[in-house]
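In the two complexes that follow, subunit A is the common piece, with subunit B as its partner first and subunit C second.
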Partner chain A sequence: MSSISVTRIQRELKDIKSECSGQNIKIELYNDEYTNLRGEIVGPPETPYHGGVFKLIIKIPESYPFNPPKVSFETKIWHPNISSVTGAICLDILKDQWAAALTLRTVLLSLQALLSDAEPDDPQDAVVARQFKENKRAFLKTAKFWAQHYAHAPGPVDKDCVEKLKKATEMGFFKDVSLEALSKYSWNLETAIQHLTN
Partner chain B sequence: MEPSTDQPGTSHSTTNPISDGSGENNGQFECNICLDTAKDAVISYCGHLFCWPCLHQWLETKPNRQECPVCKAGIGKDKVVPLYGRGSTNNQDPREKLPPRPQAQRPEAENRNPGFPGLNFGDGSFQMSFGIGAFPFGFFGTLFNINDGRPRPPPFGGAQYQDEQMLSRVFLWVAVILMFWLFFL
Partner chain C sequence: MTRDAHEIQTVQRPLAGRGTRRRHRQPETSDSSNDVILVDSLSPTTTARSRRRRRVQNDDIVDLTCSTPNNVTEVPFVDLTSPSQLVRHNNRTGTSTITNNNHPETSTEEQQAAVLRLKCPVCLEHLDKLLERGSEIRSTNCGHVFCKPCIFTSIRATHKCPTCRKKLTERTTHPLYLPIS
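So, the complex of A and B:
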């Protein structure tokens, strides 16, 4: 690993400790090499993600900061620009709009902003993006339920979701698989079950 | 979407000084790429500070998108100004320090025909040809054997040498006559 990437990460980690107390973001080393980090962002207010804690996997390429870090969600999330399956993120600054002066901190702040402002026309998850555009109520309901289920977001849980998820699991389907099917079919239990049995 | 609000090195670092541990840096003179005190500093027209080696590597990484890493203004080797602090002993332009990328070379094709493409004694016979555009001085250059890496004439005194001397003289006269003819036609 080139020395500039190591010294820059060291530098960034030091800066983050002194600056990020009030910003609901966190970055730390995952191992002693500076190639593998873990991040955390808290879901911003006035979004279905509010208060949820989303863990991020951050991989630093050898050519950092001349090339962007590779970032994906470890915590499952229902968002048009993030894969509900793999956690892969569609964000321009992590691709061709990366600039060497951007830092992990600015990346995490941008991800927080992405949670507030989805861009369904440039989707990473086509199913989520379609629901976002065609059935916003179902989208908000699902995104919030996922945030509570996977990211420990606070607040009363949607009873309809809990009930349908319980029914699906009682039929012998795994919880994650059931939740995925129900979410995909906008909480229509019958179609979700039909999909699961096929 | 746009990268979020603050950019390192600009307003942010002045309001919130970052100590780099050396205690002599308030963050204003840090390179926007390595975040360390800028070495071989250059400043872009948009006012952003970099180490030249850092900026150079950024420009190499994005040859098709020469943009300032901070504000995305146009930037390039000819669009930055080197900074020289007081008492710096070495005022060499930092842009010259880094070996510039090797330029593409266009070596001359090896010239096997001695001289101007007009005379050729190669196989005993000789050919003579030159375009109207060919200025006759080039011709003299050949005849008087200006040394430019072409094959040396045969050793002094040999029979071949004498022959060629004579031929040379003949051609000199031919050339002079032709020149006059061209001039006074």
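So, the complex of A and C:
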């Protein structure tokens, strides 16, 4: 680990402690080598993610801050620009639009902005993006249910989702797998079960 | 809520980061060296691509940071090149505000102290600490300010301005002599 990346991360962590109260973001060390961090963002209002707590895995390359941090979602999320399977993120500032003056704080704020403003035409998850464009109601329902199920977002849970998920698990399928299939097929239980059996 | 002016600048005018997505992965670069050469984002193909993309407004990002009422008074950015504005840092309340340079109540010392609360955006060290250590402060042709080691390392690693990503060489930077007694 180069000394500049360590110093930078140390200063960023110090700054973020004093500056980010009330911003619904958090960053902590995961190991003592400053290469591995954990972040947290709270889903912004007026989105299906509202109030959910989304954990992020942050890996700092040796060449930081001249190369971007590697960030992915640890908490499962239903969003066109985030893989529902791996948590990989499609965000330009984490790729070729990175600049050394950007910080982990600006990255997390940009991710919060991404939750508010998806870009389905530049997807990371093609299935989610298609649903977003073709069946917005199903997308919103699924994204909200995932946020409640995985990120502890508050509010009454969709009864239709709960019932169908229960039916699928009663047939012997794992909960995560069932939820994935139901989400993919916009809560059509028969199609989802068909997919699970094949 | 303490926030230094240059950081506000980073968030509110992030020429570098607009929070948009890209389909194309950047080729993985080796982590073994600090002098990793990034693929130049200003190449014609990339530029054409980015023009086609809908960009999240910078204001969107700002709105999120300013969700609490305490933040409302904060001012977007400080232009060091403009003599009409200066940041004032209040140590008691931990707030930074911009005041007019011509304001009769603002003493020169206060102004100087305020300017020195600024940081190098790469190493995040305060300018006053850097000057104390005898480090040279440098500005780029695009007007962005860094400590000398950071801007030179950045240029070797990426050939770009760390703040706005304009193409840079060591020759397109120059020392900045702050008028501090």
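Everything that follows uses one rule, which is that the second predicted complex is superposed on the first by the 198 of 198 C-alpha atoms of A that agree within 3 Å, B and C clash if a C-alpha of one lies under 4 Å from a C-alpha of the other, contacts with A are read in each partner's own complex, and residues count from 1 in each chain.
Rule of thumb we're sticking to: a residue touches a chain if its C-beta (ideal position, glycine included) is under 8 Å from a C-beta of that chain, and two chains touch if they have at least 3 such contacts.
All figures in this text were calculated on a predicted structure; none of them were measured in a lab.
Superposition of the two structures on subunit A shows subunit C clashing with subunit B.
When the two structures are aligned on the shared chain, A:T7 is found in touch with subunit B and with subunit C. Of the two partner chains placed by the overlay, subunit B and subunit C both lie in contact with A:D117. Of the two partner chains placed by superposition, A:H152 touches none, neither subunit B nor subunit C. In the superposition on chain A, A:T103 makes contact with both subunit B and subunit C. Set against each other, subunit B and subunit C differ in how many residues of subunit A they touch, and the higher count belongs to C. Using the contact criterion defined above for the overlaid structures, shared-chain residue A:K175 touches neither subunit B nor subunit C, since it reaches no partner. By the touch criterion stated above, A:C90 is placed in contact with subunit C alone, subunit B being left untouched. Shared-chain residue A:K17: touches no atom of subunit B or subunit C.
When the two complexes are overlaid on their common chain A, residue A:K59 makes contact with neither subunit B nor subunit C. In the superposition on the C-alpha atoms of chain A, the part of subunit A touched by subunit B in one complex and by subunit C in the other spans residues 4, 7-8, 11-12, 15, 18-19, 63, 65-67, 91-93, 97, 99-103, 106, 109-110, 112-114, 117, 119. Taken together, the subunit B residues at the contact with subunit A in this complex read 1, 3-9, 16, 18, 20, 32-36, 48, 54, 57-58, 61, 67-70, 72. Residues 2, 4, 7-8, 11-12, 15, 18-19, 21-24, 44, 61-63, 65-67, 81, 90-93, 95-103, 105-107, 109-110, 112-114, 116-117, 119, 121-122, 124 of subunit A are the ones touching subunit C in the complex. Within the complex formed with subunit B, the subunit A residues making contact are 4, 7-8, 11-12, 15, 18-19, 63, 65-67, 91-93, 97, 99-103, 106, 109-110, 112-114, 117, 119.
Of all residues in subunit C, those touching subunit A in their complex are 1-3, 7, 10-11, 14, 16-26, 29, 31-34, 36, 38-39, 41, 46, 50, 53-54, 56, 60-61, 64-65, 67-68, 70-71, 94, 121-125, 144, 150, 153-154, 157-158, 160-165.
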